[in-house]
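What follows is chain A paired twice: with chain B in the first complex and chain C in the second.
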Partner chain A sequence: MTGHPLDSFFAPLAVAFAGSVKPGKIGFELIRNMKEGNYEGEIYPINPAGGDVLGYRVYPSVSALPGKIDLIVISLPHQAILDSLDQAGARGIKAAVVISSGFSEVGNDQAEKTLVETARRWGIRLIGPNCAGLMNPWARHFPSIEVRALPGYTALLTQSGALGGAALALAEERGFGFSKFISYGNRCDLGDIELLAYLADDPQTRAIVVYMEGVDRGREFLRAAKSASLRKPVVAIKAGRTRAGTRAASSHTGTMAGVDEVYNAAFRKAGILRVEGVEEMFDLCQAISHCPLPEGNKVAIVTNSGGPGILAADKAESLGLNVNEPSPSLVESLKPRLSPHASLKNPVDLTVESGYEEYAAALEAVLSEYDAAIVINVATPYLDSTGIARGVIEAAGRRRKPVLTSFMAGRIVKDAVGLLDEAQIVNLATGERCAFVLSKLTERTKILERSPFALLD
Partner chain B sequence: MTQFSLALSGLGGQGIMTVSQILAAAAGREGVRVLLFEGTGISQRGGGVFGFVRLGDFSNPKIPLNGAEALISLELSEVASIFAFLKPGGEVWINAARIPGYYSKLRPELYPPEGKILDLIRLKTPRVRFIPADRLAREAGSAQAVNMAMLGAFIRRNPLFSKESLIWAIEESNKKFAEKNTNAFRRGFDFVQTEETPE
Partner chain C sequence: MTGHPLDSFFAPLAVAFAGSVKPGKIGFELIRNMKEGNYEGEIYPINPAGGDVLGYRVYPSVSALPGKIDLIVISLPHQAILDSLDQAGARGIKAAVVISSGFSEVGNDQAEKTLVETARRWGIRLIGPNCAGLMNPWARHFPSIEVRALPGYTALLTQSGALGGAALALAEERGFGFSKFISYGNRCDLGDIELLAYLADDPQTRAIVVYMEGVDRGREFLRAAKSASLRKPVVAIKAGRTRAGTRAASSHTGTMAGVDEVYNAAFRKAGILRVEGVEEMFDLCQAISHCPLPEGNKVAIVTNSGGPGILAADKAESLGLNVNEPSPSLVESLKPRLSPHASLKNPVDLTVESGYEEYAAALEAVLSEYDAAIVINVATPYLDSTGIARGVIEAAGRRRKPVLTSFMAGRIVKDAVGLLDEAQIVNLATGERCAFVLSKLTERTKILERSPFALLD
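Let's turn to the complex of A and B:
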């Protein structure tokens, strides 16, 4: 532990759960998630009914708990929450997650105000209410009702618990891991601002993703985002772009979703990378976790098939990347090493018969001139795509430049993709998706390079 | 020794390159690998100058963005030119003096107030230290030796090399001004000794 006041939330040694212990109820599910996640600290269920749940003794009240408790997770009905917070405060507990809903999101502002006042009186910091909890997969700490995340390097900070949950479920399918997951719900005390600052200094977090429907303390949020984005990439999924989305957002977590263009401008100023949705976010964060940043925007596309290469080139150029042709000297150096039918433009089309040697030679050569490369391989069953993957891995390993691949498709490239994964080379379904990711990595470089005074107003 | 990357900035003529070369000489004396990189632009007309010093096992003399353990700026606003290289949480050493350079002579209204510069740095690190290096250099008998005073101050908190090696390197770099330069170095060194860590 680094001694940060919020560490009690993310790396507690003992956690109490105040809520129902009946199977199917939220309180029970939280405990089950902790147990199945192999949490190594102490788990203390609290319910007046007593007895046992999932092998843990149930205590009748917070006051009855033994030993020191770092965190309490509350999923009680309204009327019981304040009492349990008071007991927690008296026990010296300083961190509470309130899962229960029915507060400001449904217009019950008074109840939320009382909740915050009670917590303040005891010096308790709160996450929630109306949230899905949090996770620290590296500590096997899963006080959340969502699918347990794998350990990884991306932190997900979400206003909507369910979207966070859906993202976690999709991530699991992709084998994508998280450093932290926090659903902050109504952010009555700790919200995106405080948590951004925490994650900016969290050593396991390489990228911070924020899913937001609206901002409530705009200036503070931007300052926190600026500061965080100087340390690591901050990626935002901002919902409520359209009028329909805005309407839905305001009745979802009760925040005003502002004009989209205002958000775009603010995000640019704060150095936030905006993505449209969860898939784009995964693509980008996977690359952030494993790729170096490009120094410029010149991208080479190396392919063995025309069509996918052209699509990638179109997408790259439309996103502001430079897909210029190679210099005459690069063309000369490529010629003797590639098939006589190869097209030495950009995309460099190696033609279908190319294998290990051609890919390795072409990639190595283009990386001497370009800032990044997209390597496309449309596999044919009679050629060995694992050899091509090896060639790409070797050539990419010789330089600290981003190389993204798209090995197509499915079963015939499964082994090749396995090798790329092992070598931490990001492989995406299409060259266009690679181009999108590169455009965002280039944006990230520009954010770090821009005049520091652009950060101030 | 572990790796250490230092970025320096200032105005043409302030002696950024000299500081880099002195650090390199001290590194040579102590058997530490060193790489230097310099950017001089229109320095002769008072434009910005920056330099990188990388100690340890590096193959690239250019410090990556967010890659420098510390920054030294010989002029208040020039810290902006190397800010992108500062590692989050790293140290920033600034000569507190405002010296109008080429651009700020053309457009003095663009020179940022000190508060803004501090605000900017705090986005990335709380560890910033202003040194009255102009005054220390004058007290040492040479208004030119601002760079030496800053080097002394920095070295007090970051003992990359022994004081002896650095004084030797300072003397070797310029025999004529050796005494004034080493005096300024010592003033900077002692100035920090009596104060708190930059935090």
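Let's turn to the complex of A and C:
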């Protein structure tokens, strides 16, 4: 606990779950996720039926709970929610997550209003309703029905619970971790604005991702994002870019998705990095978590094979990166250290016979002249790539500049990629994806350069 | 063997390998790949040292080989290549793959000219030099040092051996198969033009992919591609789109990469589908191998959750697909069969409580009005998705229209995706990727509509 009022949501010592305790029901699955995630605090299931569930005693009501409770997670039917909130308020609980749906998202605005009023009366802060819960993997705290996140450095703040769930499942497949996960649903009380501020202060969070379909308090959101983006990168996936998407977004939430260009301009002003979907987000946030920022946009590509190097150069230039050729003096210094067949342009093509020494020499040299490097290794099945990985790790470690790698691919580079992972060097499927990430890191550098003056606007 | 003169390359009964037989050397690794791939024909290593390698007798020279040989694969140093070719010619061998490098790609044009002249004298057809070999996984024939391909329906024809190797390694990771793999290197004799014609006739090939950095006989290439594209889809990855990429491409091969817009126009005229890289290529070719073509561009999106549906709609519309809303009569027919909370627009959002029946009913209904469908299932860990998969398979099976799915994601939909795979329904990581593939399938439909008249140009 850092002493922040919202810590009760993210690092509670005791959590109550008001909902069904039958297997397959949301209430039960929430408790199971906490248990299987090895939560170390107290878990109190609440259901009039009493008895036991998953080894925990079930209490008949909130009022019957023993000791201090920090958070209540509610998955009850409508008629029972207000009563639970009243009991929670009387017990001094100040934080509630309401998973239950059927509120403003289906036009039931009155029920949502009553929910908020009840909570306010007791000074309870709310996340939800109509949400998929939250997670703090570092505290092994998983009050959500979604796939449990691994601990990591990216916070995901999502308007759509389903999109959040899909992102968590994809992340698991990829080994990508999260610092926090928050599905805020109808944001009847706490929403993106309040949570952005919380995450900007959160020590485990290095990147904040916002998935949104629309905003309801636009100015406040942009102010919150701007302020957060001075502290750490804020990445947005904004759905509803097109006519079809906008129509779908407005049918799906209570908000009206705005015109896409307006969003782009506003995002730029607020220092938000926009990506198209979850795959781009993973690539970028992995780099944010582990890479220094580039000082400028000059990128060197070091490769052992033509084709993939060219595709990376194409992508980098099309995204506005500078892929200029090395200076004559750099070429001169490289020549004696590389194969006579190496191509000393950009990409620097070391040719297939290169290993540890050539990669280390080339990367070290280009990092003296460029702001960042993409290192490609197209491996052949019968050659060990771990030497190349060691060369890259060594040279990258000598300077604080971003180095992204694409060791291709799969089984034949598994050991080498394991070494890169340990050294916190980000390895992506293709050089093109490295180029995309570098273009966004460069955007981030520009955002920081124009701050804090831009904040005065 | 289909009786085609190039069959000696792809379905030989006996193959000779002239090169080093020391472990780690290319000659050895070629033989190992053949052996580990369970090639059923005869394998004849050739090396003056004699002895045995990997259980095969090593012959001292080509002349000393017993019986009929269909193909010779050469990884010798320059001075020994011509002698081997002469001996091969004298033995009646008509097909040779030259893996060795150091020819026109490093400015050694004279050596390459002599190589071609020697081959011509004997009527030998050549693939290479400076190439990564070829594969016919259906014949378990793997004269290449790259990761052995699984059998599949996509032929990959690549100017860059390394790009080919990277694609094979990525494909293995994804379970993607190939009908043929050909790295043609410097194309001193057989190149993209001749091989396009061969693959257009190849019964195992349903899609032909060409990776190219530049063309040397532009008109002939476009004519060959046009002719092939009347038979089956031709997909191109053309590197060297930008100034940086072009510079790299021209340093890397003997050819000058052309202006990108010229390529785009020429590709369009020749009926070539252009993609940016190998990941897009895998997605598209998987669909080509298993999906019927859409008759038009009207796409319905069926989902159980808002966010991912909106992202797919955004992508579809931005790529020119028609994501219009369903007709009033379709809405009327859907209403009684779906949840009262379902959103009967496009995306059709079935909501999270939907399963087998709702998916089957919705998909069947939209396929009566739209040309294609994207089906998204954002799964929760505790609900079984196999019922949804069965609903999709049943409804998709009733009409010959393309249906792409995105079951999200990973472990929690593994069983369901297994069922989709068996039913040959293509499942991609995101709805956006489905939208991209459908846009290209629609392009293919248009190509076929304007043929064969366009061919008269």
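We adopt the following convention: the second predicted complex is superposed on the first by the 453 of 457 C-alpha atoms of A that agree within 3 Å, B and C clash if a C-alpha of one lies under 4 Å from a C-alpha of the other, contacts with A are read in each partner's own complex, and residues count from 1 in each chain.
Note that contacts are C-beta pairs under 8 Å (C-beta built on N, C-alpha and C of every residue); 3 or more make two chains touch, one makes a residue touch a chain.
Since this is a predicted model, take the numbers as computed values, not measurements.
Looking at the shared chain after the overlay, A:Arg187 reaches neither chain B nor chain C.
After overlaying the two complexes on the shared chain, residue contacts for A:Glu449 are found with chain B alone; chain C is out of touch. Comparing chain B with chain C, more residues of chain A are touched by C. Judged by the touch definition given at the top, the superposed model places A:Lys440 against neither chain B nor chain C. Contact with chain B, but none with chain C, is seen for A:Lys226 once the two complexes are overlaid on the shared chain. Of the two partner chains placed by superposition, only chain C is touched by A:Ala316; chain B is not.
Once the two complexes are laid over each other on the shared chain, residue contacts for A:Lys401 go to neither chain B nor chain C. Look at A:Arg390: by the touch rule set out above, it reaches neither chain B nor chain C. On chain A, the surface touched by chain B in one complex and the surface touched by chain C in the other have no residue in common.
Here chain A touches chain B in the complex through residues 200-201, 223, 226-227, 230-231, 293, 445, 448-453, 455-456, going by the rule given at the top. Interface residues of chain B facing chain A in the complex, by the touch rule stated above, are 65-66, 80, 83-84, 88-89, 112, 116, 119-120, 123-124.
Against chain A, the residues of chain C that register as touching in their complex are 24, 29, 32, 106, 145-147, 158-166, 169-170, 172-173, 211, 213, 237, 239-245, 247-249, 251-253, 276-279, 304-311, 313-318, 323-325, 341, 343, 345-347, 349, 352, 378-382, 408-413, 429-430, 432.
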